[in-house]
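Please find the structures below.
Shared chain: subunit A. Partners: subunit B in the first complex, subunit C in the second.
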Partner chain A sequence: MDVIRNFPAVSILMCIFAGIISSGLKGKAARKVNAVLMCIVTVLNLATLMYTIELKTYFVYVMGMFPAPWGNELRVSVMEASMALFFCIVMMLSVAGGIKKLGDEVADDKLHLYYVLMDLLLSSLLALCYTNDLFTAYVFIEINTIAACGLIMIRQNGRTIEAAVRYMVMSLLGSGMILLGICITYDITGHLLMSNIKEGMVRALEGGEYAIPVLVTITLLSVGLAIKSALFPFHAWLPDAYGYSTVSSAAVLSSLVSKGYIFLLFKIIYRVIGFDIYCDSRIIDVLFIFGLMGMIFGSTSAIRENDIRRMIAYSSVAQIGYIYMGIGMGTEFGMTAGIFHIFTHGATKSLLFIAAIGLTDVSGGSRKFIEITGAGYRHKWAGIGFTVGALSMVGIPLFAGFISKLLFAEASLSLGYKALPALIVLGISTILNAIYFMKTVIRIYTPVENSGYETVGFKNGRLYTVVIIAFIVLNVVLGVASDRIVDLIHMGLAVFA
Partner chain B sequence: MGPNLLPNYGEAVAMILFVIGFANLLLQKNIIKKIIGLNIMDTGTYLFLALKGYIAGRVAPIIVDGVTEAENYINPIPSGLVLTGIVVSVSVTALMLSLTVRLYKRYNTLNLDEISTRLKKEGI
Partner chain C sequence: MSRRKTDAEYSKTFAFKFFRWLSGTKDPYVNTVEMTPQKEYKPDKERMKWLEFEEKEAKEKVYDLDNNRVIKSYEKMYHAVAVIFCVALALLLLYTVSYLPRYGSEDRPTNNEVAERYIEQGMEETGAVNVVTGMILTYRAFDTFGETNVLFIATCCVMIMLMLEESVLESTEIFNERRYEPKNDRILQGAAYVLCPVIFIFGIYVILNGQISPGGGFSGGSIMGAGLILYATAFSFKNTERFFNEKVYKVAKITALIMYGLIGSYFYITGANGIANHIPLGIPGHILSAGIILPIDICVGIEVACTMYAFYALFRRGGL
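What follows is the complex of A and B.
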C-alpha cells in the first residue's frame, strides 16, 4: 500500500487548490467544494493513520527532486497522522455545526470567501502537522494567521475588525520572534530540515561556545509560539476574537488554530532542539509558571464574565495553560498529558461553542446569562451538548476532560519541587472550572414561567443535532478509549524525535 | 559583548532594528505606526539573514567560467529565505492596512485604544 505515502502531500495540495477554485465560485458551490474536500481529506488522513500504525515507525515523503539535507520533505508518523485526522474531524464538525447560522452572520456575497479561508486554514494546519522543514513551517504559520484573521473579521462589525487588528498585532509579534529564531537556528546549524538541525545543535553545543545562541533560539521559538497560541499574559486579544466572530470561526479558532501552533512547539521540542537540551534550558520553568498562572487567571476571568461566548473564550485561556503546564513539566508523562489535552480541549471547546449558539438563539439572540435561563428546555440538544461539554471540562469521569486531568496529576507526581504547585493549581483550577461551568448548566436548566422568548435565526436543523451527537460521541470515545489513545501517543512520541 | 562586537556591527544593527520594530508594533497606539514597526522588525530580520549569507569576496553560485569549487561561492539559501520572508511580510502588511482602512471608515480614528473605549460604550 505504498500509494498511501502520497496522501499527506495530496491532502495539503488539495486544500490549497480547493481554496483557489472556491475563490471563483458562488457561496453555495464553495460550500459544496468545502464539504467534499473535508470528507476526502478526512478519509485520506485516516488511511495514513492506519498505515503508520501498521508501519510502527515514520516515513519521509520527499517534496521535489532534492534528497535530505537540501530538499524539502514531509515526515509522517503516528503522532502527525493522528493529529491531522483529529484536526480534520473537528473542523468538519465545527463547520457543519455553524452552517445554518452562517447565513445571518456573513453577507451573501462574502460567503465563498469564508470557505476559501476554511480551506486555506485546513491546508496550513495539515502542513504544520506534517512538514519537516522549519522554514516551510514558518510560511504556513503566516498562512494560518492570515486565514484566522479573515475568519474573525468576516462577520463585519466594529468589534470583529478591532479584534482582528489586535489578533494580527499579537500574532505578528509572535511570527517575528519565530522568524528570528529560525534565522539564528539556520546560522548555527546550516540546516532547515528539522532532523538535520538537531544533529547540528548537538554538534554546536559540544564546543560550548554556542550555549547562549542556542538558549536565545529556544527562547525566541518558544515565546513566539506561546504568544500565538495565547498563553496567559498574551491572551488579551482572545475573548473578543472568539466571542464576536461567527460560531464556526470561534470553534475552529479555539480548538484548532492555537493547537496547530502548540503541536509545532512539540515538534520543535522533540525534533529541532532535542528533548534533553530543551528540558535543560530554564525556559520550560517559565512556560510552567505561565501555564499555572493561565489556569487560574483564565478561570477567574471566566467567572467574572457575563456573556456566555466570552466565558467559553476565557476558559480557553485556562485550558491552554494546562497544556503549557504539561510542557513545562519537562517529562515524557507531562508531554503525553499535554498532547492528550490537545485532543480533549479540541473536542470539548468546539462542542461548547456550537452548543452555546443553540442556547443563545432560543433566547432572543442575547448572550447575557440572565436571558439564557431555562434555554436547555427550549433547545434540548444544545442543552445536552453544553452539559456534556461542561462536565468534560470540569473533569467528570466518562468524558475526555477527566482523563487529561488524571494524566496531568499522574505526571506531576514524579516531578520533585514542581509537583506540589502543579497539584495545588490543578485542584484550584478544577474548582474554578466547576464554578463557572456548573453555574451555567444550572442556569440553563432553571425553569422559567415566561416562555415568551423569541427564537432568532435558528431553524432547528437535523444537521445541528447530528453534529452535537457526533461531538458528544467524540468526547466519550476520548474518555472511554483513553488507554488506546495514550498508548498511541506513547508510540508516536517514541518515533517522533 | 566584547571583541566580537565590532567586526559583527552589522548583526548588532540588525538586532537593534528588530527591537525598535518590535517595541513599536507592541506599544504604539496608532495603527499605522504599528504597521511601520512591523516592517522595521521584519527588515531587521532580513538584514540579519542577508549578512549571515554573505561572505566577502565570494559570488553568487552561478557557474559562468567553469569554476566549480564551492569555496568561490556563497550559500544562496539565505537570499532565498529573505525573498520568501519579504513576500510574507508584504501580504501581511497589505492585510493590516486593509483592516486599518475599515476601522478608519467606521470610527474616523487610528488610535486603537480610542476605538476600544468607543466599542465598550456602544455595548455590543
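What follows is the complex of A and C.
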C-alpha cells in the first residue's frame, strides 16, 4: 500500500496530538505548534489530493485491524481531499490574518486554549471530510460544536457570552436531531457505515413498511445540519456569533464550520440516503424554498445593518441560502454549483472578515459605517482586500463569485417549475448584494478631510498584507481556473456515492 | 423502689447516655461539631441597585425595547412557539417509533453480520470477555478516541469560561470555597475518611477489570472522580492540592491522552497497512489480557477522573 494513503488519518491524528500538547504549553509556544501543524497538514492533504487525482477513484483506509462494517474506516476520493485541502488553506490564512489582533482580545493566560480549540476544530473538520462512518461523523460534530462555542466566547464580554449560549442552544438542538436521525437510520438498516446504510435504505424502501421512518430520518438529518449551518429560519444565532467574536474565530466559523456541516449533508445525500431517494422526498423542496428565502432576507437584513462586521455576518445567511438552493434543485448541476459555492464563500467571507478588521482598526476601533468613511485610504491593503471580497460576492467576472452565480444560473435552466423562481431570486439577490457591498466600498473610498482617527492594533503588519494578498490570489484562482475546478468537482461527484 | 446503682454511678453508664440521646435532652454533637445557624438573607442594596440599573441599561441600550417592535412581539411569540415546537417534535418522533421494527424481534435489520461477529468472535479477536469494552476499544477504537477528546475539549471550554487568574483565585478562595457549609464537618470528614480509600480502590478495580467484567475506563474514571470530589468537599481544596493540583492535573491529563493517542495510532496504522501487531492478546479472563484494551482503559480512566474533578473545581471556585 502506498504511504500516501496514510496521510488523511495521520493528518487527523496530528491535529489531535497538537491540541493535546498545546494544552500544556504557554500561548506563544502553542501558536508555533499551531503554525507548524497547519503547514504540515496542508502539505499532507495536498499530496493526498494529487494522489487521488491520479488514482481517479476512491480508496478506503481501515482505522485498525478490523475492516469496515465492524471497525471504522475513512474513504478518500478527489472530493474529500480537495475539500480538506481547502479547509486547511483557509484556516491557515484566517488564523495568520488575526494573529496580531488576538493579543488584544484574548487574555494571556487563556491564549494557549485558543490554539487547542483551533487544532481540534481542524481535526474535526478533516474527520468530517474523510469519515465513512455516520457515528464517527457524529462524534466529530460534537467536537466541532464545542470548539466553535469556545472560539466564540474566548473573547470575554457580555455579547460573546450571549452569542455563545445562543449558538450552543441552537447547535445542540441540531446535534440532537442528527443523533435521533442516526438512531432511526440504524434501526431500519442495521448499519452505521455510510455505504452499507445506502444498501439498507433501498432494502427498507422495497418492503414499503419503512417509508415513514425513512422520511423522518431524512428530515431530521437535513434540518439538524441546516440548523448547524445557519440556513435562513434557523440563523438567529449567527450575527452575534460572527459579529462579536475575535476576527479569526469569525472567519473560521463563517467559512469553515458551517461548510463542514454542509459537506456532511452532501455526503449524507450521496452516500447515506442515496441521491434519488433524497430527491424524491419533499424535504428537498423545503430546503429549496428556505434557500431562496435566505437569499433575500439575509441580504435585506444586511442592508439594514449599521455595523460592518454584522453586515458581513448577515451576508453569510444569504450565501448559505445559495448553497441550499443548489441542493434544493436536486440535480447534478445544482450540487456542483453548491459545492463550488462552498469554495467561493469560504475564500471570500474570511477575506471580508479579515479585511474588515483592518478597516475598523484604522477608524479608532469603531465598526459603525459613519466612522469607517475613507478607511480605504488609511489602510490600503485592507481596502483592496475588502473591495475584492465585495466584488467577488456581488459576482463581478474574474472573481470566484461570478463563476458560482453563473453555475447556479446554468443549473436552474434545466429545472422544470423551479427554474423561474430560482432565476428571479438569483437576480434580486445579486442586486441586493450589490447594494450593501457597493455601499460599503463607496463608503470606505469616500475622502474625508479630517482623518483624525487613532489607529488601534496592527497597521501595516507584514503578515497581514501577505494574508490579504493570498486571499485575493485564492479568489482570482477560483475565478479564473474555474473550468479545472468544476471538472474536479464533476470527477469527485462521479466517485463520491 | 430499690436501686442497685446510685444516680452518680448510673449517669456514667452507656445506657444513661443512650436514653438521654433518645429522649432528646442531650445531643452529643453539640459543641463538638461545627454548627452555624443559617444567616437571614439580607440583600445588598448597592449591588441590587447596580444590577437593576444594568438590566435597565441592557433593555434600553442594547435591545431598545420601547422602539424595537420585533423584539416585543418576539417575546410574546417565543413561549407559544417553543411549546408548539416541542410537542410537535415529540408527536412526530412517537409516530415514527410506531413504524420501527419491533424491539427484540428476530428479523430486525440490526440482527445482522455486524452484531453477530461482535458477539461470536469478539472474545477471540479482541481478547476481552466483556464484549462491550472489546467493541468500543478495539473494533471502534477511533470513535472512542474522538469521544475522549470531546471530554478534553469540554474541559478546555469550561476553563475559558470559569478559570480565574491565580491572584484573583487566592483572594476569593475562602469566599468561594465555603460560603454556606461548615468549615470542618466532622460527619462528612468521618464518612469521607472511611469511604475515600474504598472508592479509589473500587475505581481502580473497575478500570483494571474493564476487559473482564462490566466497567472500564469511563465508568471507573467517573468513580475515581467522585472520590476526588468527596475528598475535596470534606477536607477542603487546600488539602486536595497537596496531591492533586493544577500541575499534577496537567501532567496526568496530557500523559494519559498522549499515551492513548500513541497506542491508538500504532493500532490504526499497523492495522491499516497490514503490518503485524505486536501487542499480545493474552488469555481471555486474565487481568493482563486483551491487548490494547487495558492500557487504553487506564488512560481513559485517568482522563475521565481528571475531567470530573476539574468540572467540580472549576464550577466551585474557578481554579484547580
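Just so we're on the same page, the second predicted complex is superposed on the first by the 495 of 497 C-alpha atoms of A that agree within 3 Å, B and C clash if a C-alpha of one lies under 4 Å from a C-alpha of the other, contacts with A are read in each partner's own complex, and residues count from 1 in each chain.
Simple rule for what comes next: a contact is a pair of C-beta atoms (placed from the backbone, for glycine too) under 8 Å apart; a residue touches a chain by one contact, two chains touch by 3 or more.
Please read these numbers as outputs of a predicted model, since none were measured by experiment.
Looking at the superposed arrangement, the partner reaching more residues of subunit A, out of subunit B and subunit C, is C. By the touch criterion defined above, A:A147 lies against subunit C but remains apart from subunit B after alignment on the C-alpha atoms of chain A.
Legend: residue contacts after superposition of the two complexes on their common chain; A:T189 is shown touching subunit C, with no touch to subunit B. When the two structures are aligned on the shared chain, A:L179 is found in touch with subunit B, with no touch to subunit C. After overlaying the two complexes on the shared chain, residue contacts for A:V165 are found with subunit B alone; subunit C is out of touch.
When the two structures are aligned on the shared chain, A:L113 is found in touch with subunit C, with no touch to subunit B. Residue contacts after overlaying the shared chain place A:N157 against subunit B, while subunit C stays out of touching range.
In the superposition on chain A, A:A9 makes contact with subunit C only, not with subunit B. Once the two complexes are overlaid on the shared chain, A:N72 sits against subunit C while remaining clear of subunit B. 135, 139, 142, 146, 149, 153, 180, 186-187 are the residues of subunit A that lie in the contact sets of both subunit B and subunit C, per the superposition on chain A.
Residues 135, 138-139, 142, 145-146, 149, 153, 157-159, 161-162, 164-166, 168-169, 172-173, 175-176, 179-180, 183, 186-187, 192 of subunit A are the ones touching subunit B in the complex. Touching subunit A in their complex are the following residues of subunit B: 18, 21-22, 25-26, 31, 34, 38, 41-42, 45, 48-49, 52, 77-78, 81, 84-85, 88, 91-92, 95-96, 99-100, 102-103, 106-107, 112, 115-116, 119, 122, 124.
Contacts from subunit A toward subunit C in the complex involve residues 1, 5-6, 9-10, 13, 16-17, 19-21, 23-24, 61-66, 69-72, 107, 109-110, 113, 116-117, 120, 123, 127, 133, 135-136, 139-140, 142-143, 146-147, 149-150, 153-154, 156, 180, 184, 186-191, 200, 203-204, 209-210, 212-213, 216.
Taken together, the subunit C residues at the contact with subunit A in this complex read 92-93, 95-96, 99-101, 108-115, 117-118, 125, 138-143, 145-147, 149-150, 152-154, 156-157, 159-161, 163, 165, 250-251, 253-254, 257-258, 261, 264-265, 267-274, 277.
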